[in-house]
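Worksheet: one structure, shown below.
To keep things simple, chains are lettered A, B, C and D as they appear, and every chain counts its residues starting from 1.
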Amino acid sequence: MSGEREFEPKIIYFLCSWCGSGGSETAAAHHLHYPENVIPSRVNCTGALPAVHIVRPLIEGADGVVISGCHPGDCHYEDGNFRARRRVALVKSLLDTLGLEPERVWFRYVAHGEGQRFVDTAAEFNDHVKKLGPNPLKTRSDT
Amino acid sequence: MPEEATSLPSELEGATSLPSELEGATSLPSELTVKGLKINKGAEETMRELLRSLLESGKVSGVLALGRTGNAGGGVAYSLFTDPDAFRADGVAIPLLPFMPSNAGSLLSRLTLKGPPAKPVAAVIKPCELRAFIELVKLNQGSLDNLLLISSTCGGVYPLDLGVNGELGERLPQYWEAVKHGELDDQVRPTCLACAHFVPENADITVALMGEAELDAQCTLYLNTEKGAAFVDGVASLPSDVDGVASLPSDVDGVASLPSSEGGLESHLSGELETEAIQRSHSQRQVHQEALFAGVEVGLKGMIHTFGRCIGCHACKTVCPICYCRMCYFDSQGCEHSPEFYEGELERKGGVRVPSNTVFFQLGRLAHMSVSCVGCGMCTDVCPADIPVSTIFSKVGVAVQALFDYQPGRDVTEELPLRTFAEEELAQVAT
Amino acid sequence: MEEQKFRPKIVGFLCNWCAYTAADSAGVSRSNMPPSVMVVRVMCSGRVDPLFVLSAFLRGADGVLISGCWPGQCHYQKGNFHARRRAAMLKGIFETLELEVEDRLRLSWVSASEAPRFVQVVEEFTGEVEQSGPSPLRDEMFL
Amino acid sequence: MNDKDTTRHQAKRNTVLDPPCGALLPAEDGIEAAFVGWLKEALNRNIFDALLIPVEVPAEDSFAYLLLQDAAILESASPLPPVMPVQGGKAISRLTMRGNGNKRIAVVVRPCEARAAVELVKLKQAHLDNLWLITMDCPGALLLSDYLEDPAAGAARFAKAYADRRHPSEWDREPMRPVCQICNHFSLRQAPVSDLHIGTLGSSDGAVFIIPASPKGERILEDMDMPVDAALDSWAEQVEEAEQTQTERRRQAHTELRETITGPERLMDVFSNCINCHNCQRACPMCYCRQCYFESAALKLPPENYLARAEHKGALRFSPDTLLFHIGRASHMILSCVSCGACEDACPMDIPIAQVFSLLADRAQETLGYVAGGSLEEPLPLVAYEMDELHQVEQPYVEIYHKQEVQDA
């Protein structure tokens, strides 16, 4: 029915509270905007983001998940982002093995001051997911 | 064709004006007891029509029913349907399939655990699932509000194995043939062969299946509650304009005279559902039950023989609708023993099973839930070690329930037996 | 040469307000009774979960005694009525499964002032259990 | 960081065991009998205080782990039963989750069970200090459901398939569970986590090797007065050869499996029969959580949530978390998965869950450079990290979007 309309993905953007969220604040302060369908969700540290929380949105209705924490070495908790990187690698490996499009998960560092980088990431990922099309899992009734 | 059906005018007349050539519903006194709504469509089609129309008209916001899963359609699972098309002839829903991938009582509990839905939801479930749900409501694990419960006189369901190896589809013609004659296909689960409560209680709408010789061509809906009647009322596609088919009284008076659901649902099975076929099946199943119960290996030896091969997966507990505890005692810290515990047991007995508590788990679970055991058979079905759990639990359940004159799922207003007492009772227990 | 006499182990769940007080006063008044009961004080006989009884049997008890206030005298008004229903249920389970322990479970009302009655209950029950011998559940490895 | 690197590399190097010599255990009357006899002697000589070993249950239709100190019970013990009703790692964890006991206990398990135990130690769910793990070259196990249909026939089938214990090429893996058919960790060499290993492969007539794999194991052989002087070349050779064929079989099976499960369409066909009983999780030795996330309040939602999701999709499978449960469970335990097959044994719907998980495990563990149950020293992959690794998951930043944004503004 809505085939005519352009596909507008639903994207969850996990931001660590020190850098990723800081980036979004900087972006706000500079009046930069990013696509409205990107829904930011703050976590204390990307290292505290369970793998299930990356998978769950993809099954329950999101088209993509992007995660931004501090640059390597900058983590407020010293090594949370390194742990997050391993977890993302794990999730991507699972999704890849099951043929569930690991490219719907992005992991990119965004520092507190990098408002532009935050906005760019949101916009770039949004375009990227648009190209991928709707997440087939979210419309399946038998998941 | 469903499309045609929807366009048919609603032919609702007073029940008293039913043509006389139909037996069953029509032979009833004209006043209040009329509940049988005879429809000149097969049971399966009637269900589809009814549910589709309920969804389409927005009377219900969803329908919980069985449906096919996967692309090959190999799997069967309960689904919450919102798309009316699922109930078209080629839709994925299969509301009357004799299969029970999980006890829908648990599912309704999950659905309504946090409160009733804002808009009505219909559910097509089996009598034992309905009884389980009533028990769960009593245990504060669900709500009956805004649910339209549809059940049927049940001819049993096939074991899960049959769903796995694909035999289920092949056996269906045989199943329906047996049901038409008021018989049970001998391949249905032993629990079902021995089920004493295959006529639903507390259903808003009951579909007659057992012993309905014509169920491919016509079927009777029993509207047990005002709620059930109200939902069926106005479903245009159901009562056809073909001669000789009864329809529901459309005037409010007629509806209002149906048994009310106030003060909780009650069983309002009238004589007409207690057909000869049902009574016959009842006594047949009684015989089965006695044989089944007699086959239980009792005594300590029996317990060890039966549960010796238990792998401790607690699947019986997981699928049991009554075992609603999020944290079971037997999975809790209370059952995580120190090495010293095992060493003590070892000293005492010379040997100890690890993990321990195999029989303790079974007896403990009996102590916790046997008063509410509805005998749905899920535990046996799911057991990877093929232990006849359900037979033992039903046997104990029946005995324990008799002590308190309690029947699980009979009445939602009835107190759970371990939550109530009478001052003058059981004097012989205390010495 | 004589075989050691079987001395039953009985776990006694005594309610704090009646049976336990009775047991206490039996002790204070130096009444003689068999040392067979291992006392577990509970606040009310209604506190005794069926699992307590099962676990006592499966871990070596030859008998289980639940003792609380007489009907109508419960400190919590109705705890003992619940205890009675539970005992009835347990006996029902034992009988149905023919575990031969239903007579090893005893529920007795003993009020706080009935020290002699408590002694009598213990003597009687100990005698009964002695007669029946060790519990079959006691030494089974595959439980 | 350098320190860390060296320890990790050492750990990895250690994962192939090559003891030059083992002891010889005469086994004229059958390997099991000889092994059980040896255990009995060790028990009588107080080399251990107790044994944890599979014992046939009284109904003679299955096996259960029994902790025993009465040597008489050993009569019905079976060091290598035809089925694996309870994963031995789980039994070890139940026994020692609260700490090391006071008794010295020898534990007879399959290699995958020993590897599970090692993972459980790292997950702080087991303690091995007072345990001696004894493993055996393992031909696999039968599917529990197949075996239970006719235990006697199952036992015979198992015995026949494994008649020649000395040559892996003679082993008939066909009757075994699918995940056993493609197991390449059936012996000790690639995961030397036990203390003693019974090597049947490459042994000569009438004797098997008892291979010490740790100082603890060496001490036992010393105490038993067994000279460690039999050369193990023939064992190592046979194991290596079998490992190669098995690894190749595994690779092939996984390639075929990928064809049948990849993509949402095929994946949902695999899980179409799932009844959400979570039995795979219950049987899994790695799923030790007392309260599983997938049974927790986190997934109990108000009816409006379910109805909204159903509205969106047209229907919502109920219970609604089938795929989330399986992928989510994988994300929790797959790095510790030892492909033991307990999940598949426990599945009432015959979903090839162990095969799917073995594929997921191999690939995920490869990504993070980890082998589950490979060694006690190597830290769990989600606990450890390297600073310089896995850059392929970091999304490179391209300035191109920056320019667009400026234009828009």
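Rule of thumb we're sticking to: a residue touches a chain if its C-beta (ideal position, glycine included) is under 8 Å from a C-beta of that chain, and two chains touch if they have at least 3 such contacts.
Nothing here was measured: the structure is a model prediction, and the numbers come from that model.
Touch-path distance (fewest steps) from chain A to chain C is 2. Across the structure, the highest number of inter-chain C-beta contacts is found for B-D. In terms of their C-alpha centroids, the spacing between chain C and chain D amounts to 46 Å.
A straight line joining the Cα centres of chain B and chain C is 40 Å long. For this pair, chain A with chain D, the centres built from the Cα atoms lie 34 Å apart. Chain C has residues 141-142 in contact with two or more other chains. Chain A has residues 141-142 in contact with two or more other chains.
In chain D, the residues that reach two or more other chains under the touch definition are 57-58, 64, 66, 68, 73, 265-266, 268, 272, 310, 314-317, 320, 322. If you check each pair of chains against the touch rule, the ones that pass are A-B, A-D, B-C, B-D, C-D. On the chain A side of its complex with chain D, the touching residues are 31-32, 50-52, 54-56, 59-61, 72-73, 79, 82-83, 85-100, 106-109, 116-117, 119-121, 123-124, 136-143. For chain B in complex with chain C, the residues that touch the partner chain are 296, 298-300, 302-304, 308, 329, 345, 348-353, 356-360, 363-364, 366-368, 370-371, 392, 395-396, 399-400, 403-404, 417-418, 421-423, 425-426, 429-431. Those residues of chain A that touch chain B in the complex are listed here as 141-142.
Taken in their complex, chain C has these residues touching chain B: 50-51, 54-55, 58-60, 71-72, 78, 81-82, 84-93, 95-100, 106-109, 136-143.
Within the complex, the chain B residues that touch chain D are 61-62, 64, 67, 69-83, 85-86, 92-93, 101-102, 107, 110-119, 121, 160, 163-165, 301, 304-306, 308-309, 311-315, 318-319, 326-327, 331-333, 336-340, 342-343, 346, 350-356, 358, 381-386.
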